[in-house]
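Please see the structure below; I have some questions.
A, B, C and D label the chains in the order they appear, each numbered from 1.
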Amino acid sequence: MFMSSDIATPGTTPERHIVQPGDAQHPIVLSTEDLHVFYGDKEALSEGDLKFARNQITALIGASGSGKSTFLRSLNRMNDRIATVKGRIMYRGVDINQPDIDVYEMRRRIGMVFQRPNPFAKSIYDNIAFALRLRGITAKNKLDEIVETSLRQAALWDQVKDELDKSALALSGGQAQRLCIARAIAVKPDVLLLDEPASALDPVSTSQLEDTLLKLKQHYTIIIVTHNMQQAARISEYTAFFNQGRVLEYDTTSQIFTNPQVQVTSDYVSGNFG
Amino acid sequence: MTKSPEQLEQELKRRSKAAKLEIWGRVVSFSALILIVAVVVAIIGFVASKGLATFTTNHVNLWDFLSGKNWNPSLTDAHGKPEVGALSMIVGSFLITVLSAIVATPFAIGTAVFMNEISPNRGAKILQPVTELLVGIPSVVYGFIGLSVVVPFTRSVFGGSGFGILSGTCVLFVMILPTVTSMSADALRAVPRYYREASLALGATQWQTIYKVVLRAATPGLMTAVVFGMARAFGEALAVQMVIGNAALMPQSLVDPAATLTSVLTTGIGNTVMGSLQNNALWSLALVLLLMSLVFNLIIRLIGRKGRLQ
Amino acid sequence: MNSKVQNKIAIGVLYGIAGLVVLILLALVGYILVSGLPKVSWHFLTTPAKAFLKGGGIGIQLFNSFYLLILAMLISFPIALGAAIYLYEYAKDNWVTNLVRTAIEILSSLPSVVVGLFGFLFFVVKLRLGFSILSGAFALTFFNLPLLTRSIEDSLHTIDDKQREGGLALGLSRWETVTRVILPAAVPSILTGVILSAGRVFGEAAALIYTAGQSAPALNFMDWNPFNISSPLNPMRPAETLAVHIWKINSEGIMPDAKAISSGSSAVLVIAILLFNLAARYLGKRLYKRLTSA
Amino acid sequence: MTKRRWLQGLLLTILVALGIFAYQTRQVSQAGGSITAVGSTALQPLVEAAGEQYTADHLGTFINVQGGGTGTGLSQIQEGAVQIGDSDLFAAEQKGIRAKGLVDHRVAVVGITPIVNRKNGITHLTTKQLTAVFTGQVTNWKQVGGKNLPIVLINRAQGSGTRATFEQFGIAGHQAKTAQEQDSSGMVRQIVQTTPGAISYVAFSYVTKAVQAVSLNGVAPTEANVLDNHWKIWSYEHLYTKGQPTGLTKDFIAYVQSPTIQKTLVRQLGYLSPSQMHVTRDVNGQVTPIGGTHS
């Protein structure tokens, strides 16, 4: 079922190795075609052609500056103001990289969580509820319900249920990050983009966060940028390896870590990089 | 979840409430900006048109204006030209601005360092409110305190009339102190905490950390604060006017009466007739002020750019 | 050892500087209060001024100052807020934006007498608003806008970009993000800016001499109908403020107790600004709490 | 949401209703009209006080009196932007004013005297000495019979009426040396009072015990001496109108010139009334005795 698109001459390792993920249970939700990202004249990302399968976790790995974050942020057009994104981003059959796409509506379906927890200077409750209110959900019981489910899904409910009206700024790093996840899933997105969500967290919080993500997978399609290769190995089904603004290898996570096809990938995952 | 792509595309292309709000917000905030720009353009245009009239309608030589030392617009000199030499006032303005900045800088930065690095608690509780309070004291009041305290003091210490650049410097020093202090504090606050931690971890004392790390890192911000204070000082009118003596003479010493652009402008503007040479000449002074604040601004910007490059 | 001594000396010097600054400031405020407070009484605060006899008060001027301040703030705050939002959140970082910023800052360093004269020629004469509170409020707006815009922009700058990203990632528009997330978080800092500029507006004289005027006709404090000329609320009446009053009696006052009135007024002005600061600080804290929690 | 809308609507309605109510119930207070007088800050207290009395007597009128300086007053009356321009000078003396269309109404006479700091040890001077002092020919008080103190000159701002009068009649038309300039009498007095060696000039009403008024050529600066022009440094205070005044403007000026004001306010504010004067003086300084009753 994997359609390999290796570009290589027999006997040597291929220069690129990209597979097609997904199956009947996990159809493709999001894919990029011929994606190029420019910062000014500088091309930060080229040939970023990837497909993402539903209810799976895909990890994007690679060295700093390899373009993985740029790629991720382009997916829900968070880079619109600072970069030029060319190519197509197909979301369930619709190219969302068209100028007349309503980015706000689109971002409600493709949510994002950032590297550093960024809870708003509001109460825990309002952090989650206020975006819903702006979208017309004002009934108190409905809001309460969504807040609770989101917090439960983010595995934060038990810790904060008694202090929902406390300022979110008082939360610890791990809690704050989970609040950000709860906030993102409260608007019921389809795809969840995570940009190194654990890099600012301690090991315990990190592992809690990973558990949470594994549970969230049932409901969402998750794409996560990570520096931490063990993390990628622990939670993701697929892994894409970025190098110098290109995707060099995309395969199942186990393949990438046990049997990488491209030399650079092999060097990177084995720690011989650079 | 089983929507056809067409259906989905339609949904995604429908303009959402957020998009509508966004347009509304852009329009509203842009109109506010346009309004301010209109105000700025109107005032600058107004000053420029009046100030340039001295040279266009009254045919004063620009160089005579900038280099002449005699300010007596109602009189004409030996050649039948009006005496509108602004040099003494330009020099006066510069002297008083630079001096007050020189005096205020160590105090302001010292206070900012104290507020930010040494005793943030006391800084926030005492210093900040006090400096903010000081900004609110009207310049008239500063002027009168200058008149009743500073001027007699300089007179008894340095002789002369007490009026002059020195007294003006003292008053301006206190007036720009709060501005420079609070801006310096902002600049220090912008230095990331790990700079300090890294330095302290290397065994540096607090002072070494402040001096070698924090102040260095904040230098562009601090310079901006000082230049901003200078711009303030340059444009201050009422308070300076009361203590500098308003004598349009080249300053011979710090305790002789002198004049600044603003003091002559404020003193004379009500006594001249709109459209006359005397009035236009005063507007030319305002134009010089405008250009000077442009220069100060460019300096601030240059410093800012340098800071970013570092 | 050496560096430790140096450290101690330096810290000591810094303490000294901070102490000296506080001392200067306290001496200043103390001087104003000590020379002025003996004059201040309920009578002084509530009676109208007298042109040339002793015993005049500053009641009307005090009211005018507050009324004018409120009006000026009501006009200038929304404009400055909007402009600051556009400049910081929307405008691209190019030469046009820089030009606009530079122009605004240049305006802020012009002596206020120039703004006052402009206001006089434009509002009082051209728009036929006459010497009135409205003309004064507009002139103060002109005087205030650059400062306020700049300070609000700075306040917006203090809020982390991550907060903006957070809002955008939830599918909020930039406008919603700014008004619902950024502004509430920036309230304390914006408020400080507003207090500072309010203080400056409150003490401003030169911009008002030619616009709001330097006479304070008697008011009927029982008449709150803004269309009546003797009503305190009428925006079309001339209104001498406290700062202008101080300026006026210091320059041409011929009442026998001019000096006492001037120092009394200065003390009142300083106390008013002090109260203003305290109140704004308190309100800011409350507001921040309310906006940041449910 | 709808509830909030409703509340907002209600609030708006109430506000509008209040506004309409207020507009309907406004007192038609300006039936008699309102006029604005702008100009000399020295003259402002007199016109203001007269205006208050006038409006108290004539309900429904409003006299708006503002300062701004003689130059402002004259340029605004020339523009026709105000009804009355207050001036310390003859309009013809002010540069940039075309005096032709303006009508002069003299409402007061103001005497001006040199004042010195009490420490200078000077009580009288001759015109020659005074001129020498103000043109910078002498720089120490001992040269004119005072103590050994350097002379500190304080001028009024250029264009000020007091300065023009002083230079014309006090120092024989000479131009005072460039020195400190202050734009108000109060400031001048305060500076002279506190600065040893200082000399300046103010209107009689600003003279207090804290400063020393100087006799000139043996003539003391008193009102009696002004009346018959023995004390020569005096000037008129003018209200200028553009063309002959009409309506409220005319009535108000007549009121200021009437004995009601001339005998009370004008005197209380330290001015003399033009009607008391035994002489008149024109714009060129030409003095004519009135009625020939005086020598």
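As a convention for this text, contacts are C-beta pairs under 8 Å (C-beta built on N, C-alpha and C of every residue); 3 or more make two chains touch, one makes a residue touch a chain.
Source: prediction; values computed, not measured.
Listed by label, the chains that touch subunit C and also subunit D are B.
When C-beta pairs in contact are tallied for every pair of chains, the largest tally goes to B-C.
Chain centre most remote from that of subunit A: D (centre = mean of CA atoms). Each chain gets a centre from the mean of its Cα atoms; for subunit B and subunit C, those two points are 17 Å apart.
With centres taken as mean Cα positions, subunit B sits 48 Å from subunit A. Chain centres here are Cα averages; for subunit A and subunit D they lie 78 Å apart. If you average the Cα atoms of subunit B and of subunit D, the two centres end up 35 Å apart. Shown for subunit D are the residues that touch two or more other chains, namely 41, 67-68, 72, 79, 183, 187. In subunit A, the residues that touch at least two other chains are 104-106, 134-136.
Contact of a single residue of subunit B with at least two other chains is seen at positions 18-19, 22, 266, 269. A complete list of chain pairs in contact reads A-B, A-C, B-C, B-D, C-D.
Residues of subunit B touching subunit A in their complex: 3-5, 8-9, 11-19, 22. Looking at the complex, you find that subunit D touches subunit B at residues 41, 67-72, 74-75, 78-79, 94-97, 150, 152, 157-160, 175, 178-183, 187, 190-191, 194-198. On the side of subunit C, the complex with subunit A involves touching residues 160, 162-163, 165-173, 176, 180-181, 184-185, 291-294. On the subunit A side of its complex with subunit B, the touching residues are 91-94, 96, 100-106, 134-136. Against subunit D, the residues of subunit C that register as touching in their complex are 51-52, 120, 124-125, 130-131, 209-210, 213-215, 217-218, 225-230, 238, 248-254, 258.
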